[in-house]
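So, here's a batch of structures to check.
In what comes next, chain A is part of two complexes: it sits with chain B in the first one and with chain C in the second one.
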Partner chain A sequence: MPRRPGLPPPAAVLALLLVGAPAGAEPIAPADRRSGFDQMGPEIQAMQRDETANPGMLAVADGAELWATPPAPGRQPCAGCHGEAAVGMRGVAARYPAWDARTGRPIDLQDRVNACRRTHQGADPLAYESPDLLALTAFVAAQSRGMPIAPPDDPRLGAARAEGRALFEARQGQLGLSCAICHDDHWGRRLGAAVIPQGQPTGYPLYRLEWQGMGSLQRRLRNCLTGMRAEPFAYGAPDYVALELYLATRAAPLPLETPAVRP
Partner chain B sequence: MRRGRRAALLPAVLAFALGPARAEEGLVPYAVVGDAIPEPLAGLAGDPARGRAIVADRTRGLCLLCHAGPFPEERFQGNLAPDLAGVGARRSPAQLRLRLVDGRALNPDTIMPSYYSLSGLARVGRAWRGRPILSAGEIEDVVAFLATLREPEGRP
Partner chain C sequence: MARTLINLPKTARAGDVITIKTLISHPMETGFRPGADGRILPRNIVTEFVCRFEGEEIFRAELFPASAANPYLTFTWVATASGRFTFTWRGDDGFDQTESAPIAVA
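Take a look at the complex of A and B:
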């Protein structure tokens, strides 16, 4: 298995002893981080790479149209404030979730889209997992395709990020599993028919063949929680944003792949 | 000592007074002796054929998500856990029973779910709350089946 080398080198052990417990240690070192892309078969990899075959590109195209269309007559389109997305939105997804000063909490990219609708466009928020929210989020995220995930170094995010990590490492559900058991300790192994990925959030929103459609990172997390027979959180819950924050730190500096394709 | 989450909140004196045969609320009581549960749960006799079906069923037993085993018809078996082939030769039915009922009693860090226990669980999904992964009868069926797995895989 590609995991943990038998023993850390003596210098690393010494460093751990010096800082105390390995509680803050990174379970997967940055150099060992791998996208789920690497574990997919060549056909699905080719489907993701080829823009004409990648079904997620349809959502991105829908998003481009929504970007330029006023949400209601007389309202500003996104482009009215931000202009050309290829310029103004480049790199944005790589640093989300981010602190939202207006609400005083961390928000993810889909919350950002809805915050703009509410405060700048006088429009109702789009429902979670609705085609329009997925399309706009995918369009914005696709502007950062290939850029390394770079979580903001903002101390206000620290508490939620730590909560996310605690959630990731807590055993939950009827099976008593944790995210970390699968994604830190056993990635690369076979869970029935699925090869367990590291659980990196690099491709979202993405097209999943099993869903036969697009889905957000929260939908993915919901799937894993249900698999653990744990109670999923409601879409938009702060617990998901906390998990997303930790996942982003855990993933950096892997490049963004939106719109990715997954089995 | 078996204690449900609610029971754990009772004063220790009361818990003690309930005696050694008490069980988690809603589950039949059993006694652990060494690393085993010698008596069948509720005195039930297991059926190996039913047990095999449970083990192979990925939504009931879930076993093949993690384990491989002598199931030539089942593709895609897991490799998170030891192969079940020969497990009936390595372990007695009584040992198999405790490993299924509550493997965490033997190894608190194990990733194998405790199939007949409600204690120590958090945020259990609504659909699964308040009941064990397998019933007492299903545990006995699986034990009866595992006891038949006496050949290490690959042996002629």
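Take a look at the complex of A and C:
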């Protein structure tokens, strides 16, 4: 029913909104949050756990080498400013995406790596999904393995986080699905051969058997968007970072698993 | 050079059965898949893996196009003496890589 401008909303609607808000605040309560790891078969779990069998460790080893190598002669390597990654990068991935004061917007970990290349190393940014960007990001994220996801309590992130949540809950694409329909309402059920996970971003970048390779969280989100027959955003789009921000809030305090393995 | 991960104990007692695990970064392109331009990507796989201890072959595997990317091979060995393992992967396009690792047997 159209409301005439200037009139206050009907009291009943207002009451519903007030009652609705707290219930919608946490579709999956922190104690009920589960990593996709828990729903995998024992073979794939064993593959992730065993550092010598986990193919993601190959990327982490590549990242360790890139960390110590100057991007061009005369330029500082990452290690030149940040030192030992096990010390300087411990816990960093657990609080990304974070606010970037330089550009005045939230950025995720891979964009943070590229920001350092551009600003502090005078080098070109690495392409999204390129082996080097995945390797450096996986290497940095692996330093936080086992630490609980802890999104920063930074009011500047609020708007993007709310936008991410709206994207997560909005129906989109030709099938009229939302992320929430699968990942909040039907996790644990089957979709064809796959068990629907809660959609927790705990392991990225990770090795996916279906990809036969490493991929970022944005690549995973592209896959889900394509599955919904929605138009995926371009890599690096603010929409992805907004979704990643909401996903981090929705996942805390699950521990980070990078490099995870997924079917 | 492809990235490899080789895992075995640094030390063992004579008679122990030890597990050796190897992982190598390799696309294992089957030769049956079309690329982005619709043309079939040329086959590019590791075809052979050999592990030697002090020059003597202790394990060999042949690989075929259905193997997953980044082949992971694990096998066991009965510890006899201290020495050095070599691990050799060969494949299409002249792919040929050898890594080595020592073990001390008491």
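Observations on the model:
In this text, the second predicted complex is superposed on the first by the 239 of 263 C-alpha atoms of A that agree within 3 Å, B and C clash if a C-alpha of one lies under 4 Å from a C-alpha of the other, contacts with A are read in each partner's own complex, and residues count from 1 in each chain.
The working rule: a contact is a pair of C-beta atoms (placed from the backbone, for glycine too) under 8 Å apart; a residue touches a chain by one contact, two chains touch by 3 or more.
For clarity, every value in this text was computed on a predicted model and none was experimentally measured.
Note on chain A: of its two partners chain C and chain B, the one contacting more of its residues is B.
Of the two partner chains, chain C is the only one that A:A53 touches; chain B does not reach it. In the superposition on chain A, A:P77 makes contact with neither chain B nor chain C. With both structures placed on the common chain, the touch criterion links A:D62 to chain C but leaves chain B unconnected.
With both structures placed on the common chain, the touch criterion links A:P255 to neither chain B nor chain C.
By the touch criterion defined above, A:P148 reaches neither chain B nor chain C. In the superposition on chain A, A:E231 makes contact with chain B only, while chain C stays out of contact range.
Touching of chain A by both chain B and chain C, each in its own complex, is seen for no residue at all. Only residues 3, 5-7, 21, 23, 25, 27-28, 68-70, 72, 74 of chain C touch chain A when the two sit together in their complex. Interface residues of chain B facing chain A in the complex, by the touch rule stated above, are 58, 62, 64-66, 75-80, 104, 111, 113-114, 120-129, 133. Contact residues on chain A toward chain B in their complex (touch as defined above): 170-177, 181, 185-186, 189-193, 225-226, 229-232. Looking at the complex, you find that chain A touches chain C at residues 50-53, 55, 57-58, 61-62, 209, 212-213.
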